[in-house]
Structure formats: structure tokens, C-alpha cells
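In order of appearance the chains are A, B, C, D, E and F, and numbering begins at 1 in each one.
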Amino acid sequence: MDYRYAGDAHERLFASYQEDSDPFPTSVTACFPDRDHRREEVAILQELFFPTCWNAPELVRDELAVLDRLDELGSLFKAGICPYTDSRPDETVAAVLDSLPRIRELLKLDVEAAYKGDPAAKTYMEIIRSYPGFLAIAVQRVAHVLYGLDAAEYARELTEYAKTQTGIDIHPGAEIGEHFFIDHGTSVVIGETATVGEWVRLYQDVTLGALHFEEEEGDEHALKKGYKRHPDIGDHVVIGAGTKVLGAVTVGDHVSIGANSWITEDVDDHTKVFIKDHPTQERKRYD
Amino acid sequence: MDYRYAGDAHERLFASYQEDSDPFPTSVTACFPDRDHRREEVAILQELFFPTCWNAPELVRDELAVLDRLDELGSLFKAGICPYTDSRPDETVAAVLDSLPRIRELLKLDVEAAYKGDPAAKTYMEIIRSYPGFLAIAVQRVAHVLYGLDAAEYARELTEYAKTQTGIDIHPGAEIGEHFFIDHGTSVVIGETATVGEWVRLYQDVTLGALHFEEEEGDEHALKKGYKRHPDIGDHVVIGAGTKVLGAVTVGDHVSIGANSWITEDVDDHTKVFIKDHPTQERKRYD
Amino acid sequence: MDYRYAGDAHERLFASYQEDSDPFPTSVTACFPDRDHRREEVAILQELFFPTCWNAPELVRDELAVLDRLDELGSLFKAGICPYTDSRPDETVAAVLDSLPRIRELLKLDVEAAYKGDPAAKTYMEIIRSYPGFLAIAVQRVAHVLYGLDAAEYARELTEYAKTQTGIDIHPGAEIGEHFFIDHGTSVVIGETATVGEWVRLYQDVTLGALHFEEEEGDEHALKKGYKRHPDIGDHVVIGAGTKVLGAVTVGDHVSIGANSWITEDVDDHTKVFIKDHPTQERKRYD
Amino acid sequence: MDYRYAGDAHERLFASYQEDSDPFPTSVTACFPDRDHRREEVAILQELFFPTCWNAPELVRDELAVLDRLDELGSLFKAGICPYTDSRPDETVAAVLDSLPRIRELLKLDVEAAYKGDPAAKTYMEIIRSYPGFLAIAVQRVAHVLYGLDAAEYARELTEYAKTQTGIDIHPGAEIGEHFFIDHGTSVVIGETATVGEWVRLYQDVTLGALHFEEEEGDEHALKKGYKRHPDIGDHVVIGAGTKVLGAVTVGDHVSIGANSWITEDVDDHTKVFIKDHPTQERKRYD
Amino acid sequence: MDYRYAGDAHERLFASYQEDSDPFPTSVTACFPDRDHRREEVAILQELFFPTCWNAPELVRDELAVLDRLDELGSLFKAGICPYTDSRPDETVAAVLDSLPRIRELLKLDVEAAYKGDPAAKTYMEIIRSYPGFLAIAVQRVAHVLYGLDAAEYARELTEYAKTQTGIDIHPGAEIGEHFFIDHGTSVVIGETATVGEWVRLYQDVTLGALHFEEEEGDEHALKKGYKRHPDIGDHVVIGAGTKVLGAVTVGDHVSIGANSWITEDVDDHTKVFIKDHPTQERKRYD
Amino acid sequence: MDYRYAGDAHERLFASYQEDSDPFPTSVTACFPDRDHRREEVAILQELFFPTCWNAPELVRDELAVLDRLDELGSLFKAGICPYTDSRPDETVAAVLDSLPRIRELLKLDVEAAYKGDPAAKTYMEIIRSYPGFLAIAVQRVAHVLYGLDAAEYARELTEYAKTQTGIDIHPGAEIGEHFFIDHGTSVVIGETATVGEWVRLYQDVTLGALHFEEEEGDEHALKKGYKRHPDIGDHVVIGAGTKVLGAVTVGDHVSIGANSWITEDVDDHTKVFIKDHPTQERKRYD
């Protein structure tokens, strides 16, 4: 397929680029990571977290191979942070890499939670290799460290990449406890200021989101940034498919919320919430 | 891993291919794009729309580099259109490329809408590089031009590709106004005959779809094609997560619809819609 | 971007790997497929099922080319099964390959169902090349054979891969009849023990799932595995967007269930189910 | 390895480019083949000439696969010719492709000649896959057709590429008869206006070259172009390693020339030429 | 560059393939290695022989990484042997791999010989990474093992590949002693039945070849195969650039032969050979 | 092709690596360039020297693109120097890059010399794209700068790479004047301490080498390093194919030396040297 364009769109695009101004990015020499970098970072993270599941057994046998991989990951992280900042990102990268062993321990607990929480799970390896909920939390736990280190935009790039793979959208700012599991998971949303306790299990289409948004004064389309607007979830909580928990409410410990529920007020500890009267459905026979 | 198959499936498959007949494609010499082409087209579009965000600063510095990229994109477009048509697709490709500068201006407004509409957004670059809602509308705006140029099937290939990356399904036929923003976005569906005004903001799990489908006479499984079956949405509208707007209804300007709503009738201008009595939920304490 | 890590995370990770024990995988010499293998398998399956749509017309012209492709696919399958088992997987691979011609016939019926069931569908080729619902069922039909051949974990890897591309989660264990079609499809979940009849059509956000889970005695976080917990769906059934069918219930033949419904009890043959009284919505005018 | 250059060489190079003028190429938009194209062309030629030796058995089984390969080769040829000409090269490409079946027949005779002419040759396949002399003549036979079609520069690109692989430098203009074989071959040179008969065998370091060059009047460094300056070699001729045959001399049929000879005059038919008195060598014993 | 061929060369080539018969290869299903395999084998050999010079330090740190690399190399070897034989090549491959540690020891002596024998050599690493003479002997030492294991054709593929990189043509059958060094090396030829002792140093354009070839009775173009026709070189021998040693002669120990010499008779131990009376050269002054 | 090695070669190789000691390289963490780096450097150099001939017209249009390419080249150079030195190579790299504009001017003169000196040359572009002699001198001119900057080993890696492509071996230490041209060129050797004037033209198999080598005292195999041992060639000199100029002799200006000559003594200015009495050749008629 050979195509030669004879119009003037290149002139108009070129002119359009010259007219860009802040807050659109305008640097013509800044450093940028390659197109596939997010995919690369996540692949290396997977190897570092569970080398025997991702064709990287050399990491288990050779400590310097781990260091090589960390350097490779660090270079990608640095390239990822670079477009957003003028300061030297080396300290940030070092701090994230420092946190990986701790995150690995958390992820092992998440694997256990998934295995116990999914009747269809057959082995730990299957969870590590193919569960979207596990990929989503693995990436978010790393992004959360970046978020706390003044690299919030790049952190979001990572979680958004995980979302493209899983349909699960956990904001890097969210604080997620141990033994976390999301089953199926598509369309799950967890907001920036949400917190989640230990042994929490979510299903598809769950939102831990905002109820209303405050507008910036004088601009009806500009929403206010930076205030607490998402729920706090306690320990030992299960939230069924389709349920929305909205606003800065508190869900206590040992709570179970049924599917398709609508929670905009606090829920006490040791509570089961379920819909008592579903909307009446009519069933009509036809032939 | 070396495997040699000793059965006869190849003979049966081969025989099966020979038996294919129209409307299954049967040409054994037709042109086809390579396996990864949709991924390529979208990557080049991203570079052409915001070169400083996608490692292509040369486009800002060198007008002929823009032309080279347009030729490259045009070749891919031509290959994409080719399997569906016998006519020469060069005019179609030229027309789409002609439209890119205008689409770029629209996308800059979409970035603004996203920045204002998401309290968690930190910079324009973050939106351009990682927001799924922004990727979805960028691809759809291009696909919409193709759809209007008699390349509807290929247009749908592009939006379906965007769907694999974002979970957002905007049909190329839909007409979308300026300053459009979808937050989170997974499981959003916008139908072929829907129209959307300016400054509209949608959340995850929203459907702008059909209520009922008419069947072709005499075949209960064949639905009728080609009639208006999706809603018209006005300007300055917000639609909350999980809401379904179904059928050829009209939602007016300055309308706000709460989460999980069910809209099958027209909504007047300057209206807020929200669920008054959610299904009663029972909360039971247990120990 | 050049980064050299100066910390000790590699030592801590290395130590952590050494401490792993069963059920975490610990073999340091086992065979593993390459990082992109699932993507490869699916690409080859697409070529084998519809070569004229995927740039592989040689398969239609040259029987031995089909055999070559089967060998290639078989090698990938073998590598995919390998991490989960010590037994020789060659018999399993042969059996799956044997089943491909039969599955191809099923998929041709699925294409027909999609064409009839989607008013926006223009050609068969468009469906084959870009419909997520079609990709999901194509992969699941293959995975279902693997599931029945004692390769359940790898089967799930394949369906989870399809889920990353489509947002559709059909467990390999589910039994799906002829003429199956999922429109839009994001966030669709079909559970392991579900069965689906002929001419069934689902929309986005539908769940055919479990209502409650039984816990293993003595461990509140460990759910019981291996019992019937998902619905049976009859023939000629349509299920609207957002509907949840939960538990081991039976939905009869010739049933139509409206959007956003909640089904936890059996539905008779020849029945239409729809919500009679949606939750009251308040509409308030504002200025 | 990360390096950032802080000097001004880019400014000086850039200025230098702007100062280039004809006969240096100055077009900034002309078409150019990719970096590796010569390697690609030769690889495809090898497949087309002997598909069963180069992992392309599909060419033997599927006629349309041959056509596909010809199109691929033709596209590369066209790109190779393009930088040197403004005229449309399609006719040239078609004529070269037309000649490939005939060249194949010639090459089969060359294989026979190599097998018979090298005591160390074990099989035909070994010759086809690894003999440098065979690669050199295969490429030259194709380049010779291009040379006769007004694509002399590109023809030379091809033979120079073959020279990088073989050390054998046969100018595309040379006319080479059937059953040609060069053993070892490094440093063999055959000039533009040389002709070679049938059943000719050469060894390494043989030159069929010019004796003196005529200078252009008025420029001692500019040699005259375009006149007959290389030898004509008859049929059934063997020329030993290191021998130089220089000038427009004629070597008859059934001639055998020993190693390290120096031929600047005609040689009659049915003649053996060998050095009678090698330069005296002294042998001294030492301890 | 898009080219579509409209002629009939594909039909003629296709017909020509069908007419091929033994000894041309005719199998349409046989296994063949990929196009670049020889390059791959040599690259892996280089890593296995001197990992710290070829970016493979993991081999020095991790014994199982060595095994992985051996498996990779073995698979390539097996694919390389396969086209030439019907028997299972696994034993041959195992035997070659077994020999690598011994060959490594020989190569370390060759490095020492090169360092001592080249006044311009600065470091061992430079020799290992870039000396053509060292690459040639490294490959030949491996090919020689294959040659002795009934894989002579594939062995020759390897040495011919080394020749493309170095211009040095050492037949796999030649027996080469310890501390071997070829300086510059282009156009060096060492024949199949030659033997070379210890501490031998050769320069460019040296031939250890055949003087005459015997013809098969009844076919003037078919040379006799399989008899001793190349020289035996002793220990501690230096042979200058351009010298030809031809026929089954014996060169003794501690011999030094000057450049451009012509040796067709035995040379005793402890002898220096040099040209006493070079051909008279005339020097003419001109203005 | 799947092969699993069952022997113990990996253990023996691994043990062998551990026993390596200086001067063999032993670092297990040092930086190393990738396998193909020399190929990469040369490709970038070709683009920087003549962008319109190597598909890099953007360099002519966009100054910052030149800088990007210099950074890329600089990173490769740095990686290439790194294995040989502990000092920071940044200054060396900067100095080489600084020299490129000057080298480009020299190369333009070399193109002119080739065009004038080869009767078969048709265009400048043909010379730049395919003449081995031109590639060899282009690489050597760069390597010569590295040689003078204490990066002699890496400089030799570059010229040895050029030798693999051209058969021409110009040591980086040699000093080569303007308007230099080597025709055909295979097996040309120019030694480390040679100097060459302006307008010099060489043909294939020419050596500018050493006559004798001095041995290190006490080790008959170790030659002395670092003294003047190669010729000085004047301006306006032509040296015919196969001629050897050996030892620290001086060849004056305006000298022409015929093919196959043997020069071990000085040659005055304005001299023609040619062989007066070639070794007598016998010609025997046979039937």
C-alpha cells in the first residue's frame, strides 16, 4: 500500500503546532520515553515480583541479574518521570526501587487472598499470570509509591496502563490494605482519596467514587481539585458487583454489601447490606 | 517447545476454507493490512495530534517530517480500507488527512474539558498521554470522518481498537460536540445514531443506546438496520456512572443526570435528574 | 536515560525469592512461554479460523501451510500448558488442534448471529476483524476444549487474555451453545458452571454469576471450590445491558430480559421480563 | 550509556548539508530504500531461486505465494532504482522479474559446475546455501539484467553487496557464460567490459581487469570512462589462484592458466599456461 | 514503494520448481533453519567462549544460564544439521556441545598467540572482540568437530559464514594446532586435507591449497573427491603474505617463509625461505 | 527444533570462566555495548555524512535532528569505549563528534577522487552508497580520531568492522591524506605506522606493510610493539593490484607502481615502477 498525500494538512498541522502554548506542552527538545515504555515497565515489574512465573528464573539464581533488571527498570522510570518535571528524578527512582521488596511481600498476600476468594482459582501461578485484579493491584502498589514521591502524573500513567489491560481503575492516590482482591473487575473504579482496609474483596462494576463534585467559582465546567471526596472502607469487607459507594463515607469492618447496592451513608461494623425490595419486575408470557 | 501435529485437522480446515461462500470473505489474493495495523494508525495519530507528548518533537521543527508521517498514515489507512471495497480509496484517505488539523483543534478543547472536569487531573500532558476517555474521543473523531466517507467498516475497526484500550465504545456514526469528556469510562457505550452537544461529561458504565430493536420480518434473530434508535444529548450535560439513556429520546441543554438513572423519555432543558427513592436496602448486624 | 541503582533492593529481592515455598512456584529451571505468547496464540487462531480476513490467504491455497501453522500453534500451546504440569502435554495439544475445524463451524454460526443481531453491522468481515464479542467467544470455544482436557489453568490464561482485549470474561468452563452473540460486551461476566443455549444474545454489563459463595469451614476468607453456582440459560434468549442473573437458576427458552434486571429465580419458557417500576426519579428545573 | 553532546558539530554539519550542490545528491524529499534493503533483496532472490533450500517450501506448493514474493521483490527493486532516476521504474522492474525463471535455469547449471569443480563439495544443497562463489554469480546474473535496462547504479549496489558477503567483485556489466564457478573466491575481480564463456572456473585472487587506464585530457586524476578495457575469456577455461589477466586480451577455448600468472597478451585455444621459472627462492637452515 | 507484478514469471518459476529432481533438494516439508541462523550460532558461540567480552556476564555468575545458552545453541545446531540428514542429529549436537570447554582452552592459547604475534595488538579483549583471524579459527575449531561427526555440510556452512565476516576460508576438515594466528587474513585459504602444527602464524593472501586436481574419468569438468591434496605444516612456522603452499607437501618445524613465495616441494626443519631474485623492476623517471 | 542438553559442558565452562585471570577480561559487572553496536555506529555515521543518500533527509531540514543523531552516536561510542577503560570517556566522545564536520569535508573529496579514478563510476550517489573503498576510508577517518584520543582498541573495533564489510584493512593509526581512493579493495592492508599523501589510488591486494618483525627478547613468539615499521607514501601515487610495499620505506610524489610489484626500498619522486621481466611462462598446446 503506497500512498502519497497531495494536500496541505501538513502545513496546517505544522502551523498549529507553532501556535501551541502553555499549559499544552511545547518543548521541542525534552526527553520522552518510547511509545511502548509503560508496557515495558509493567513487564519488568512482573518479572521482579514473580520471576519463576515470567520466564526469568535467572533472577532467582543470580543476584546481579536482579540488579541489572533494577537498573533497566530504573532507566524506564526515569524516562517516564522526565516529561513532567525539571528536577532530577534519580532520588524518586531510587526510592521506588527500594520499595519493591516490601511490595513483593504485600503481593504475596494478595495472591493468597485471590486464591481463597475465587472458587474457580486452581493454582497460585494462574493468579499471578492471568488475573486482571492481581495485575491492577500490583501496578497500583508501585504507582502509589510514586504518587507519594511527587511523581503523581507518571504514577497515573502506570495505573491507566493497567486499566487498559484490566478495565480496573485504581487511582495511584488510593490507599489499599493487605490481602486485597478484585474478582472479574472490569469497570471497577477506586478514587484518589479512597482508603481500603485489609481482606477486602470487590467484584466487577464496583465504584468507590465521589457523589457530587464542587465547581470552581466562576467556571461551571471546572471542578475543584484536592479535597477528600471518596469513601473509607474498613477491614474484612466484601462489596458485590455493580455496587456504588459514593462520597466521603465510612464503611466499617466486617461488612458485606450485596450486588447493585447504592451506598452514600456510613455503614457500621459487622453489617450486611442488601437490597430488600428490588424494583418490581413484570414477567409476561408470550407465544 | 517443539511440537509436530500428526492429525488431520489441517485437511479438514483446508476443506472447510474451500467451502466458504459469500457473505464470508473468499478472495485469496486481496490486500490486507498487517496484524498490528490498528495499533500503528493510532500511534501515528497520537504523534500527529500532540507531537511533544509522544516523542515526536521533529514534527514541530520540520514541516516535511509532518508530510512524511501523513504519507505513512495514509498508507495504513489505505490498507485498512482496502479489504472492504473495490473502489480506489485514495480520495477517502486524502479527505481524512485533510481533516486532521480541524480535529486537532477539537481535541485541544477536549483536553481542556478533561482538565476542568476531573479533580484528579494534574497536567494537560497527563491527560493526553494516559486518559482513556481522551484516547477514545480522539480515535472516534477520526473514525467519524471515515464513516461519512463511505468507509464505515474500517471506521468501526478503529473505534473497536480504541475500545480494546479503553473499554469505551463510541460508534463512529455518533456525532460528538466540542469539549467532550468521559471520566474512567469503562463500559461506556454510545450508539451509531446518537448525537451529543457541547460540554458534555460522562462517567463509567453510561449507555446512550437503543431501548428496543425492531426485527426484520420473518426472521426473529435478524434486527432491522439503519433507523434512528439512539438519543440526542444537548449542551452542558453531565451523566453519572451507570446511567442508561435509551431510545431516540432528547436530553435538553444544561441537564445533570445522577448515577444509575434510567432515562427512556425526553428531559427538558435546565433539569436535574436523580433517583429519589433508591430500592430499600436492609442492613443487618451480625457477629 | 541512564540509571544506576545504588541501593540494596536487589539483595532483599534475591533473599525474598529464596524464601518462596509452595504453593508459590519455585522451580528455577522449568519451561516457560515467552512474554507475548498469549497474543501470539490468539493471532494464529484468528488466522486459522478466517484466513482471508487476517492476511493469511496462503492457508486457503496451500494445505501444508495450514499444517505449518498448526505446528506453530501447537508449540505455543505446549509451552503454555507446560508450567502447570509435569505430564507430557502432547496429547492435550493434539486434541485441541483436532477440535479446530469443528470450532470453526461454530464460529461461522456466531458470525451470522452477530450480523443479524447488531443493526449497526455492515459486513461479515467487519465482525470477524473487530467485534470484541466475537473475539471473546472464539477464544473461549478453544479454551473450553482445553478446560475439558485437564489444562484448566492455561485455558484461563487464554480467556483472561481475551478479557484484556474485550472486557468480556467468559470462564473456560462455561458451556456456550450455537449462534451466540455479545454486543458491546464490556464488563460481561459468565461464570465457570454456567450453561448457555442456542441463539442467545447478551449486552454489556451482563453477569451470569454466583449469588452467594459458601465459605470453607474455619477460614472466613476461603471460599468453597467446585460446586454448581451459576445459571443455565435456554435457547433464543436476549438479556439486556446491566442485567445480573445470579445463582444456579434456570432461564427457559424464548426468554427476553430487559436491561438492568435482577434475576435470582427461575424464568419460564416464553417469558418477557422487564422492570415495571423503576426507582422514582426526581426531575428538578434549575436556572 | 547515556550521552548528551554539548558542542556545535550539529550546527556545522547542518550548515555543511546546506552547502552541498550537484553532483552531490541534494533532494530532501526523494524516496530512498531502507537501510537493509540490499540484504532483503538478496534473501528473497535466494528463496525464489531455490525455495527448498531457504525455508520457503510454500513457493513450491502455492503459485500465488510466488507472485506475492515477486511483488515484494519488485517493491524493493523499485525503491532501489528510485534514488537514481526520475523516470518511472516499473517497466525495468517487470523486465527483471520476467528474467528470473531463465536465470534460475542458469543457476542450476552453475550448481552443477560447482559440484563437479570442487573436490570438497558434498551436496548440491551445501553449494546453494553456503558457497560464496555461487552467491556472487547469482546476484551478478540478476544485476546484469538491471545493468542492461538502464539501472546500472542500482545493479552495482547489488553486486557490491554480494562483494561484502563474498569478497568477489563481478561488475554487473560483465557477461558471464553458463556453468560458471569461482572456488574460494576472495579478492576475485571481474571488470565491467569483460566477457566469460562456458565452463569457466576461477580461484581466489584472480583479476580479469584493466592493464592501463586512459586519463581524461587536462585532469591527471580523472580516468576516461566507457571503453573496452577488460579481457574476453573463452569456453572450458581454468584460471589459477592469484593470476591477473589484464587488458582487452582474448583467452581462447580449452585453456588452463596456472596460479600467480600474469597475462597481458592473447592466449590461443587449447593452451596450458604455467610459470616455468618461479623467482629463485633461497632456503637457509638456521638453528 | 508499491509494486504489483503483471507478468507470468511466477507461473514459470512455479513450473520450474516442479521439475526439480535429485540431486537438487525437492522436499516440500523438510525442516530448515531460519535465514539468520548462522549469525545466531556464531554469536552464541562468542558469548559462551568469552562471556565477559560479549555482554553476557550472567554466564560467569550463573551456571544454569550457561545450560540455557547451550540448549539454545543446540537447538540451532540441530536445525542446521537437519536439512542434510534423515537421521536424528541429537547425538551429534551433544558431542559438539561436549567439546566446547576444550575448544575454549584452545582459543585462550590462540588469543595469546595473536597478542604476541601482532605488534599492533593492545589488549586481549580487542583480539577477542574484533580480530578476524580469531573469529575464523574459533568457528573452524567448532566446525572441525562437526566435520568429524558426519555433519560435514553444516560444518562448511559455519566456516563459509565465518568467511563472509573475515575473508578467511579454513575448511572444516583442516587440522589446526595450538597457538594459531592469522594476521589481517583476507583471502587466506586452507584446504580440506591440510594439517597445521603449533605456533603457526599466517598473513593475508596465504593459500595452503592443491596444486593440481585430478579429473574424474570421462568428465573433464568433474574433479575427483576425497584424496589427500593439501600440505602439512609443522610447528613454529611463519608464512608471509601472498605465499602459496600447494600440493601434499610437508613444511617442517621452525620454518619461516617470506611473502609472495611459491612452495610446491617439501621444506626441511629449521629453514628460512625467501625470494632471492624478485622479478626485475624498471623504474623510469617522468615529468 | 527443540534440544535439551544432558551433558556437563555447562559445568566445565562455568568452572573455566571462574579460572580466567588477567589479561583475560574478568569483570562480571562491566558495561558492554550490544552485539550489533558496530553496525549501528557505522550506519549512523553514514547518515550523518551523507543524509540524502541514506534515507535521512530530515537531517538536512532540521538542525535538532542532527543533534539527536549525534547524541545517539555519542551514546554508542561511549558504550564502545567503556569496556577498555576505567576513565570517563565523555571527553573522548565529544572530541570525536566535534571532528565529524571536518571529516565530512574530507569525505567529499574522497568521493570526487573515486568518481574520477574509476572508469565504471556512474554517479556520486553510487559511490557513497556502495563503494567498499569509500566505506573503509569513511570509517578509518573517524577511527583515526579515536586512535589519537587514547581509544585505540575501540578504534580498531571500528576498522575491523569495516574490514568485515569491505575486505579492506586500514589500521586506525595510519595517516591518510586527501582525495584517497581504493578500487575493488579486497585484501588491501595498510599498517599502523604507514602514512599516505594526497591523491593516492590503490587497487585490490595491495599491502603497505612491515617487512620483518623484531621479536621481544627471550620469547620467539612475541613481536616487539610500537616502532615505525610501515611505509610513507607521497602525493599523486597509484599502486597497482597485488603490489606489496614493505618496511619503513619512502615512496615519493607522482609515483606510479604497476601491479604485482615488490617494493622494499625507497622510490624517488616522479617515478614509474613496473615489472620488466615477469617470470617466464610456458604455453603448451594440448588436444
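Throughout what follows, a contact is a pair of C-beta atoms (placed from the backbone, for glycine too) under 8 Å apart; a residue touches a chain by one contact, two chains touch by 3 or more.
Which chain is which protein? Per UniProt: A, B, C, D, E, F = serine O-acetyltransferase.
All values reported here derive from a predicted model rather than from experimental measurement.
A.B. asks: What chains, if any, are shared contacts of subunit B and subunit E?
C.D. replies: Shared contacts of subunit B and subunit E: A, C, D, F.
A.B. asks: In the chain contact graph, what is the shortest path length, in steps, from subunit A to subunit E?
C.D. replies: So the least number of steps between the two chains is 1.
A.B. asks: Distance from the CA centroid of subunit C to that of subunit F, rounded to the nearest Å?
C.D. replies: The computed centroid separation for subunit C versus subunit F comes out at 60 Å.
A.B. asks: Using CA atom averages as chain centres, what separation in Å is found between subunit B and subunit D?
C.D. replies: 54
A.B. asks: Rounded to the nearest whole Å, what is the centre-to-centre distance of subunit A and subunit C, using the mean of the C-alpha atoms as each centre?
C.D. replies: The computed centroid separation for subunit A versus subunit C comes out at 23 Å.
A.B. asks: Would you give the residues of subunit B that are in contact with at least 2 other chains, written as numbers and ranges?
C.D. replies: Residues 1-2, 28-29, 33, 57, 61, 64, 67, 167, 186-187, 205, 242, 275, 278-279.
A.B. asks: With touch defined as at the top, which chains are paired up in contact here?
C.D. replies: All chain pairs meeting the touch criterion are A-B, A-C, A-E, A-F, B-C, B-D, B-F, C-D, C-E, D-E, D-F, E-F.
A.B. asks: Can you check the complex and tell me which residues of subunit D touch subunit F?
C.D. replies: 1-7, 9-14, 16-18, 20, 23-30, 32-35, 83-84, 152-153, 156-157, 160-161, 163-164, 167, 169, 171, 173, 186-187, 189, 191-192, 205, 207, 209-210, 213, 216, 219-227, 229, 242, 244, 246, 254, 261-262, 267-268, 270-279
A.B. asks: Quick check: in the complex, which residue numbers of subunit F touch subunit A?
C.D. replies: 28-29, 64
A.B. asks: Can you check the complex and tell me which residues of subunit A touch subunit C?
C.D. replies: 31, 33, 43, 48, 50-55, 57, 59-61, 63-64, 66-67, 70-71, 74-79, 82, 90, 93-94, 97-101, 104-105, 108, 111, 113, 115-126, 128-132, 165-167, 179, 184, 186-187, 199, 204-205, 236, 241-242, 259-260, 275, 278-287
A.B. asks: Would you tell me which residues of subunit E are touching subunit A in their complex?
C.D. replies: 1-2, 57-58, 61-62, 64-65, 68
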